[in-house]
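Structure record follows, encoded as structure tokens.
For reference, chains read A, B, C and D in written order, and residue numbers begin at 1 within each chain.
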Amino acid sequence: MTTYIIRRLLLVPVILFGVTILIFGMLQFLDPVERVSMYIRDTPKSDAQIEALITKYGLDKPIYVQYWKWLVGDVDPITNVRSGGILFGDFGYSRTNSQPVADLIKNRFPNTLDLTLWAIGPVIFVGIWLGIQAAVRHNKPFDQMARIFSIIGTSLPTFVFGLLVLMLFYANLGWFPPGRVSDEFSKIISSAEFTNYTKLLSIDSLLNGRFDIFLDVMKHMVLPILTLSYISWATFLRVTRSSMLETLRMEYVTTARAKGLSERDVIHKHARPNAMLPVTTLAGFSIVGLLGGVVITETVFNYPGIGATAARSAAQLDVITVLGFTLFTGLILVVSNVIVDVLYAFIDPRVRLS
Amino acid sequence: MTSNNDTLLKVDDLTMHFPIYRGVFQRQVGAVRAVDGVSFEVKRGETLGLVGESGCGKSTTGRTILQLYKPTAGSVTFDGQDLVKMKGEELRIMRRKMQMIFQDPYASLNPRMTVEELVGEPLIVHNVVPPKEVSEHVKHLLETVNLNPAFASRYPHEFSGGQRQRIGIARALALQPSFIVCDEPISALDVSIQAQVVNLLEELQDQFNLTYLFIAHDLSMVRHISDRVAVMYLGVIVELTGRDELYNKPLHPYTQALLSAVPIPDPVADAQRQRTILEGDVPSPANPPSGCRFRTRCPIAEARCAEARPEFREVEPGHFVACFFAERFLK
Amino acid sequence: MAENQKPTGDNKLLSDTISVREITRLERWLGPDNYRVVMGLFKTPASVIGLSLLSFFILIAIFAPVIVPVPEKGDPYKIPRDGFKADPQPPMTPWKKNAPELPFWWKPIMKTDQWVHIFGTAQGQYDIFYALVWGTRTAFRTGLIVTIATFLIGITIGGISAYYGGMVDNIIMRIVDVFLTLPFTLAALIMAAILTPVIGKSLVPVMIALVVFGWMGYARIIRGDILSIKERDFVLAAKVVGVKDSRILFRHIIPNAIFPTLVLASLAIGDVTLSFAALSFLGVGVEIGYADWGQVLSFARNWITSLNTYWYLITFPGVTIVLFVLGWNLIGDALRDVLDPRMRGKS
Amino acid sequence: MSNYLLDVQGLETTFKTPDGVLHAVNGVSFGLKEGETLGVVGESGCGKSVTMLSVLGLIPSPPGEIKAGKAMFFGHDLVKMTNAEIRQVRGAQIGMVFQDPMTSLNPVLTIGRQLEEPLMLHVGMNKKQASERAAELLEMVGIPNAKDRLSDYPHQFSGGMRQRVMIAMALSCSPQLLIADEPTTALDVTIQAQIMDLVKRLRNELGMAIIWISHDLGVVAGLAQRVIVMYGGLIIEEASVNDLYANPTHPYTIGLLGSLPRVDAKERTKLYSIEGSPPVLYNKPTACPFAPRCKWAMERCWKENPALETVSPEHRVACWVDTKTGRAR
């Protein structure tokens, strides 16, 4: 298995290299003036300044020079200050948000993380539970209901669902407002008396002993979490159900029954561990799904995470900002995929012991 | 082994190793020695049975002879020409003379082609009959294998296993080959169907003067159909001789054990015979034992068996054995 | 065995007269697997509902000019506006200005020639009904073009990967990994944002973005199918018979490999339409006022605090999109059961 | 009251399939004495496996359904038992071994855990006792280093070894009956000989009754005391093993034996071949299911289904024709 994990890890730099090439390739569609903002920390003031920057970062040089400068940036020989260089975490300057993209990520990503962390648990466990129940009750009413739920779930686009729940639970009932936190609390949060331990508001509010803030934060997050989760529920349900149905037809399940085990033990001790193997892989993909899903969900709910920011920047054709975000999430995904693959190797003895 | 005009096929030291790649950089760390130095010849008009357990390399031997795999070493002389040296078009044209019948009648027929297209394809790709006459030819071929020619426009899935195998046989016959490799042609069929196909193969052999290499794991069926039989174990032939000679006077301990393991559909005879039960499993062909391949399971193995590989030698006229102690069983 | 009953083996019953199954011409033409897939469509109630929903939308797309005629000399995909007032108008508000031609069916049914905003108007007085009817055409058009393009690119790349194997295969599959690493929505957003200044505001940038980040699935599936079919006995059998490599590829491998991918592609039209609407909802791509479902829905974003009043901003477009995608998914779900090899062969 | 250990009467089982209702078993009756070995022979689809799975209540339902019949085991009808009741029988009093050792063991659980399960469940052992007993069982079926191998997973065993594990598992609670469903079909002939040798030894040591299902008349000949031949979901012949092979009476049995070449044959003769293919039963057979392939078939064979009749002591046949004379019986 060690070779398997090493091979998997060696793939990471390869994929990351590919991702940078792909994004750099897309950048080539922009004219140099636009690309200049990759390397600077504030808005350029004059044409001459832009010209100087183009020369400085080799944007008139051959493409491999450009790529290299894009990766490592440029060190000023006099001040010894590095500017640009995505490898050093400098993703350029966001024109529409008037701040460096890296800072933007630092500010917005905790909000997105807060949201996805709350969503991911329910997504995985509820989906798997539903799928197993549906498979065990194959073709019975529960199974039919689960199937209908799953089809409707996958047919309700996030932006429609989000707007519908917003109409119902906010506009009509007034229960769950959009946004991040109520105005009365946002001042407290930015003040000195509120310590940011994790930057995840839901946790920090508890750590500061402000249960009222926690409640308010959760009130704002209920609808986004629900919106983010339900499509994944449907997917998990479907994959778990079909994997479980397949497993239940295996001969070793008949063996288990022939041993006189109760149906409960047959399902939970013999069938489920096998049925979970393909679901593990799905868990990796669902992280991709969630991070993609935040773009629309956050936009619908005016939730200040990286998704909503990316969408707003894209609508204003601020490519650099979206690029930074994409590179960043791409990195997260590469890492989480590796984790899932290694996890899979541990769960399946056939892989673990080879 | 000397060959003369009677010899249609001569296989000399045929070797087929499939590389194994392992490790972080997928370097070749070894090879599955599926076929490891196999020599035999097949005379015109005879049936040579090739028998052995699963994984012994018998199917690979058949496929390598037909150059479906490029052999690692060795030569295959067919009708005086070395097939291993042939390439591309030359080999393609040569295929007219040698055909194959497959084990699985469900997998070996393209599901998207009709019986007529399947059986007619060899005629078309080799341009042996004018396109207009293909259909007529196919009908004739179907009759030859006892299939109703009215079904020529149907698809394989409309037929039962035995009927599909007949379609496969008709396709193999289309180019009027002189040599057919039968790769376990009956082992996927129901018991009551097996005899139908075997009888048909025998009839066709008489009718068209065919030469068969009949590959099987079923010793009783091989005995029934073959003139001579070769026994394979772990990539090598351990014994080769005439069918009666082999079954009456097996000289290799593996052949003896194999024969005694075959169930006989007769409780009285079954109770009377002597059994040799082999211990353990067949070793992996990726890591075969040193010296004699069979020594790990052999009841009479001695120290020298681990040191050198016993030569495949002619103990009696026409009786080849690869065992140091073959003479012990010569009564 | 007693002598008198020793069988002779010469009782020739024509074996093939017995168990040849009678089958229909359609089954013969499609082949067994494909036939089951197609028949599965008409057997399950879910997919019948799906098919009806789709037919409904196809009819709307075809008869769009009859259902709501285009204003004179106008671009049909430009939603007509009843003035420029910001606040949306509720359903059945009469047209005041710039009303398009009255459709022929209105008068006989409603007994009046007062043409109204059937579903109300969005902000800026865009007529929602018109947008939804003509948006159906946009949906099919983008769905079809993008799907066909992704399918062709996907099977070409996947085919090359499977055919050459080795290093080529390895490199192509890593490229596929790279494309799959980026979250789809974000990647499509950039692509569209980059292309919009180059091409201009239209359907094209978003469609290209969807194609660039949409082909990987097909490449993977067709590659897997070709690789598995390459190993099947019937390919070997063709080789034994002396069939040339090119004929083996086109006559034996591709016809057997392409069907599952083709089915997936035809089902993906729903998903593609949805992605298009999503990007349009986020504000990239088409110019404001273009007859496109996502665009109409995005108008609702500015009114989320008063959606209780302006419910029609999301209800009508929302229901339209959901029904459309539901139609495809119902068919897809039925097909998945028939296609999934793991679900097969229980008898 | 019969003196049988297992007494099956009039068993009928059907399956719902997309193409129609498959009549897999159509009224099967047989008895099995304590300690007896019964061979059940037939081609694929003849209903031999389904019969035994029905007896143990292991038919997936739906699509399977037991339409009629009973299976008396120690005075209780297995068919009528509740799930909880039959679970006490399965694994404890009746052990079962399946055809494919590669798929019949759970790939993600250790061999030890799978062996211990029935012991803890039926015998009431604790984990430690069960683990010790499991090692003994592995030793009993001839697996070397039994103790160490308990923590191994199935994929670390060869096919023959896995089948030994299956046998150990089936016999772990000392059942009165072992049902073996083609346990050697997937194995090589030398491994098959090992397994049959093992089963014969265990039969002598433990004295359980055995039902051995096989499509191979040869395998059954060396093992069974009595043999049942099945065709089209029906028993068509039943006799003691010596009688059946010496005096096969049903045309199908005659044909089957005639179509088998023998490794000990004295001369080379043309094989007898039964034309046509086995039936697929979408209708319950109302006539003799073998009639279309039978060279003795008479008018009556196409109209009525013959019942099993005793032709000589311990020998029963379902055929309208006396194959010795070629005339109606």
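By our rule, a contact is a pair of C-beta atoms (placed from the backbone, for glycine too) under 8 Å apart; a residue touches a chain by one contact, two chains touch by 3 or more.
As the structure is a prediction and not an experimental result, all values here were calculated from the model.
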Closest chain to global C-alpha mean, per-chain Cα centroids: C
Contact-richer chain pair (by C-beta pairs counted) among B-D and B-C: B-D
Approximate Å spacing (C-alpha centroids) for the pair subunit C, subunit D: 51
CA centroid of subunit B to CA centroid of subunit D, Å: 32
Centroid distance [mean C-alpha coordinates] between subunit B and subunit A, Å: 57
Distance between chain centroids, defined by C-alpha means - subunit B, subunit C (Å): 50
Multi-partner residues of subunit B (at least 2 other chains): 160, 162-163, 195-196, 199
Residues of subunit C touching at least two other chains: 9, 12, 14-15, 19, 346
Subunit D: positions in contact with at least two other chains: 246, 255, 257-258, 270-273, 275, 277, 293
Residues of subunit A touching subunit D in the complex: 139, 249-252, 254-263, 269-270, 273-274, 277, 347-350, 353
Interfacial residue positions of subunit B with respect to subunit C in the complex: 63, 66, 68, 92-93, 95-96, 99-100, 102-104, 107-114, 121-122, 125-126, 146-148, 151, 153-155, 157-160, 162-163, 168, 171, 174-175, 195-196, 199
Residue numbers on subunit C that touch subunit B, as the complex places them: 9, 12, 14-17, 19-21, 23, 28, 31-33, 232-234, 236-244, 247, 251-252, 255-256
Complex interface listing, subunit D residues touching subunit B: 43-44, 158-161, 188-194, 197, 215-219, 221-222, 241-242, 245-246, 252, 255-265, 268, 270-275, 277-278, 293
Subunit B to subunit D touching residues, read off their complex: 53-54, 160-163, 190-196, 198-199, 202, 217, 219-221, 223-224, 247, 257-271, 273, 275, 277-279, 281-282
